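Each chain carries a letter (A, B, C, D, E and F) given by its place in the written order, and its residues are counted from 1.
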């Protein structure tokens, strides 16, 4: 039984100084616990931290082969025991009044540049949509699309994560803006909207357009810049 | 207890009661509900004309399942079940008219059960509900079965009924920028929820309700006034828009909502001033949602939001008593 | 690297703890506001979960309400019984040896006993019906619409054949029925015996007037008062003096009971020994004194 | 007949209100008859708003006509007088239609009584001067009013002298004589104005003299054109104005009347005094005239016995304290289908069933309604249609007040100003759900009072 | 301009669209407990808004200056013991939860004591709610959200500044206030309703909250709608080039050939 | 003073009679937020169980050293520490789940269940009792969470633990996995539990 019914009296007639020390003294248990917990937490961090970081990176990284090579090829390569060399970059571009940074992953197979994966995010229908976009080395065609995070309406907007819908983007030419249309794609740069979720469809397409628009130049430049490096 | 009372005097039997001893027998709550049903007749007829058996089916489903729900829930509360007050009928018809004709059968059934159960009985039955039951039911299915209730859910290009093969006017404009003619919006041969297509029918029924004073004129007036103002502002800001103030007024379920849904006395404020504020609020929310939200239409959400605010409006619009400073 | 992180974490924590306890300790002293020491004591005894479950905003408000006597000590559901006991301890509520308090309905007329009754249309509640005249002849007796039945949280009072009847098995003596009775015919009295005598009438009119409205009401004949001192006459009505109520029932009393020409003095109640023990640590209900007057409204209106 | 308000500020009407069927034809054309002197009267000791009276007589004591038999100790009270000569009996108790249970003085008639035409002449007949009233000082007038035990005869029974005693802080500028009689069925005031306009005019002038008020206005609803004519004639030569007001219930309520005539609003919780007005019923004015000029107390009043449930509706001059049963008997008894007896009018009157109850000073009528006239439908749920809000003459929200009362929510009742309600019954009259709103509000007031204690 | 739009979007999002109570379910306890009367609910709402702002300020400051990798303060201290490049990588985010909860608890207590001493009327009207808030998840949630937007972002330029953090906090509090006041209004009304006994109290409150959440779902998408409207109003200069071919090299770009993390072996 | 309940009593009480969610209405944030799927609900329950167990045991161990005015501080400190550990653990070994649960894991810190148990039981009773109390409460919490999650997941997606239990033609009640569904489901379940409770107590006749 804790003696909690007693009112805590500060040490009788003590001077201010001793009282001040009193606060600390009374809290000795807090201090001890703080010390122990702080130290042990740091220990936890040091033990688990790398794993967490790895998880974070891998989340993106794992998708890269599929995005640049397509699912079948990616599997084949994995079966062959070959691994892609993936190098992350941050590319910043300056737009009027704003500086935008993109995470870009450079995918190499046997020292050969086989494609890019861009990570981009933006406002969807309900919340942020985060996606990965695979491009060929010259950034001319889209090789894959993957939605990392979204909170679109279940049953409607969240159909953007279905493969059937994402497939439409593959092999699209980056030279023209993609346009969302309602039913039945005709032109090459048209994407079918999801029934009842035009906004989500447009949001994804818009993100893709913007990302390509922003990065195409730099990717091309980088690809050519890297070429000589490879030759050396 | 009354049957235990022994009649002490023989003829004439005198009984006692509090004042006043006269009452205006012109109006009963039952009569008010019947008024609403009468006012809905033109809307129902238009719906039957435009949507044929789609409308008939939806009405049948909603009425049958609302009655069933009323019966089941009243039994659960061990209260006498009676359809005599017509409140379940009104809820059922309004609910059916606010659904798309193409909606699958379970939409109507679930909406009815939610409307009666969560919308009404859980609050204690007739006269106690905070929210408009029909709108609670509709909101539930709207969110639950988004694909069946979203704009595209209204369309069925293979349908034999003309109206259903087109896109709804609001959706057609939002998606492709095609404006529907005002006369079509007024007379109603367009696609949409069963009851909303014909502005004409809504106005006829609505005026009847207002004239009978079953619905307070303040609410529709407030709704229409604020929609006109906000739509006007939107048009001024964006003058190229083909969707004018009149389109906003006649299109979508605005008039149906203003006359039949918002005027539900139970879930609207008590005083004339409060009713006007309520109407203005609904109009403002409708325009906010129409212009900015992902949904093409905002009447249902606007009504629910203002229903939620009704207790506060009531609180802030306690009328000034005679002689109060 | 790792030892730096560990020590820096630990250091941050300790530093934070030191700063916090120092600052708060200082603030506690500097900003100290004189409060009733009992409030502080109760605050300490309370869990401090600030869950708001007691209906008050946070623990300290509840503590203040307890000290002010506005709230009972057992409202804290987080703390449970031990907490309630601790609060009672602080508040110095002594658990006295006491008798259970139970209600007595001072009316004995069932439907058929009441004269001058008329059919009544209107709100079927005693409080409302009390404003209408001639529902029954007697302006003092039970109206039988059951306000008390609704008020009772323990299902311990029922209107049986038009008369409110206490179920002493279930009654815990909270006094809710007495508070709502618009005619004030229910009083809460200490039950000094398992069964206790009660005069089942509240009508203060003269015997003739009582007879014209009731078959069983007290006619003020003073028969009981002549036999036993326990009965006091007050305005044509016999009342039991419960302060002087004996623990043992004497023959004299029984005689008085038998003498009553209207059979209006009866034994009521049945609190057992178990009850007596059970109520030992319960809060004593507020004793509602009988107030024998018809309590119609004093509404003023002109016009 | 159009509204005439003689250049007064009011619109001749007030906001909201209802239009119940008037049904004044039952007794409207029946001249006042004088009831034969009864064998026994029971005078309740509380007939006025305020403190009850204490009996001044003992059992078996012989009292004569007009002798004071009871007197209150407080300022707000009015003494009681014997309406017949006779002997005092053992102390009695009686119920009153308004639900009170009070002590009373019963007097058994003995010896010769003032009856018939003599009684009429004594009370309303003879000459009533319109000038030379300056001879009475205000003090004299109010004293005479107090001694005569005059209370408001419209139904409220507020002691009249209290209203007229000059108040330094709140001087009166207007005397409003209330001849509206907005209650359906009732015709007693109408008959008084028709048959004895002179004492009304004189009483009004005396009231003006007592209070120093310059304006004296008589308000009459426009459904009584004949009474307006008669009053105009009687008032000729004086400054009294006759205001003809819209027929609407509750036009006769003093706050509504003041608004309709003067466009002043009596503050919430205040009295007409606060806006410089005193309102009195026409009957009260006539009683004032009699008390001052003839020094006679209030012992009789005019009661209309009316309604479809009574065999022969009549207007009667009756002694105070007589039982309702005798009135009914005199009017031919109740019809077979009579269902409800009401002391007063059907909107604000009190139902009762015991015919032995006595007539009091505030009784303006006895209305007997039949089965077909009263509501039989069961109460249904409130759908918050707001009809009650539309009709409330005080601009309240009755449905909320009723809900608050049902749920014993005192705070809510106060927020919606339950105290402002004067129970006119408009809301319950119009309510489509048949909710006993007025009763609930009265219950709510009881709760509020209890909580405030 | 775009900053302002950002702020507006954060504000609308926090107050209406992603309402703390009705969307994120934080602050449910007071939402159910203290929503019996409107005035109490309003006091609670104000107190939460106030505390949430303080907490947001503290958590932003602590995160930016102490906790996040490379934070100035921890870098400086660690600099005494280890080389600067190692010191810059000291990551104390593991402590964030503890630090936040303590920052919240102590600031609440401090404010409470201060208000109680110097502004007794203020204390009476809303100070009583303060202790109740310490364990209110809405506050901690706001801190976590801010943290997520400082150290959870991929590139440092996107990290929230103080302004954005405070906007989120204040409007999250406003959203909480809106929800709880509406709920209190409804509950005052519910007291007068004949609710089935098992549903009285918390159950009906939750059902009403469900209906409210349905109504608030109507706002979904208002932020994207607003964004579109505002950006198109902000001037055609930033407008998207519709239907045009993508211009390569339209914008100036800087390539930072910098790997994201060196801890992870490449490949 | 009132007798303290035994370990067994504590354990049993936590499961139904004093169920933290349905009876005490504690810990509602996670109850509503993470119950749109069974997996998330179970993970959440485990996390809460871990924190509750550790916090209860630690508190019970140091209960004699507690100073009244500092006890809440110490509880919070302990809880926050274990929550952090749980959070990191999830992030390291169940990364996807940790992302799904998002901020609701750290929000366990302000989950009233834990501080309430520390206060009511652990700070007064032995380690064994505290541990069994923690287990009982955790099981109660898990039961409540999974009951809600089961309803929501089955109606909302036709699945249970990710397994399809309803026919593919089942129209998903999307609202169930959205916020309104959480409120409505919990509200109605709570009402039902109350109803069953009152029905049973009525039946057994002790009121």
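Here is the rule we use: a contact is a pair of C-beta atoms (placed from the backbone, for glycine too) under 8 Å apart; a residue touches a chain by one contact, two chains touch by 3 or more.
None of these values were measured; they are calculated from a predicted model.
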Among the chains here, which has the CA centroid at the largest distance from chain F's centroid?
D
Chain nearest the overall C-alpha centroid of the shown protein atoms:
B
Any idea whether B-F or C-D has more C-beta pairs in contact?
C-D
Round to the nearest whole Å and give the separation of the Cα centres of chain C and chain E.
49
Between chain E and chain F, what's the gap in Å when you average each chain's C-alpha atoms?
25
Which whole number of Å gives the spacing of the CA centres of chain C and chain F?
38
Residues of chain A that touch two or more other chains sit at 4, 8, 26-27, 30, 34, 37-38, 41-42, 44-45, 49, 125, 153-156, 199
So which stretches of chain B touch two or more other chains?
9, 13-18, 118, 122, 125, 128, 140, 143, 145-146, 294, 314-315
Which positions in chain F are in touch with at least two other chains?
1, 25-26, 68-71, 73, 77, 81, 84, 88, 112, 115, 124, 172, 174-175, 178, 180, 184, 188, 191
Applying the document's contact rule, which stretches of chain A touch chain E when the two form their complex?
37-38, 41-42, 44-45, 49-50, 53-54, 57, 83-101, 103, 119, 123-127, 153, 174-177, 179, 199, 203, 206, 209-210, 212-218, 220-222
What residues on chain D touch chain B, complex-wise?
14-15, 18, 20-21, 184, 255-256, 259, 265-268, 270, 309, 334-342, 346-353, 367, 369, 373-375, 377, 380-387, 389-390, 393-397, 399-400, 415-417, 420, 423, 425-426, 428-434, 436, 438-439, 442
List of chain D residues in touch with chain E within their complex:
403-404, 406-407, 409, 412
Report the residues of chain F in contact with chain E in the complex, numbered from low to high.
25-26, 28-29, 32-33, 73, 76-77, 80-81, 83-84, 87-88, 103, 106-107, 109-112, 115, 175, 178-184, 186-188, 190-195, 197-198
Which stretch or stretches of chain B touch chain F in the complex?
104, 106, 110, 118, 122, 140, 143-146, 148
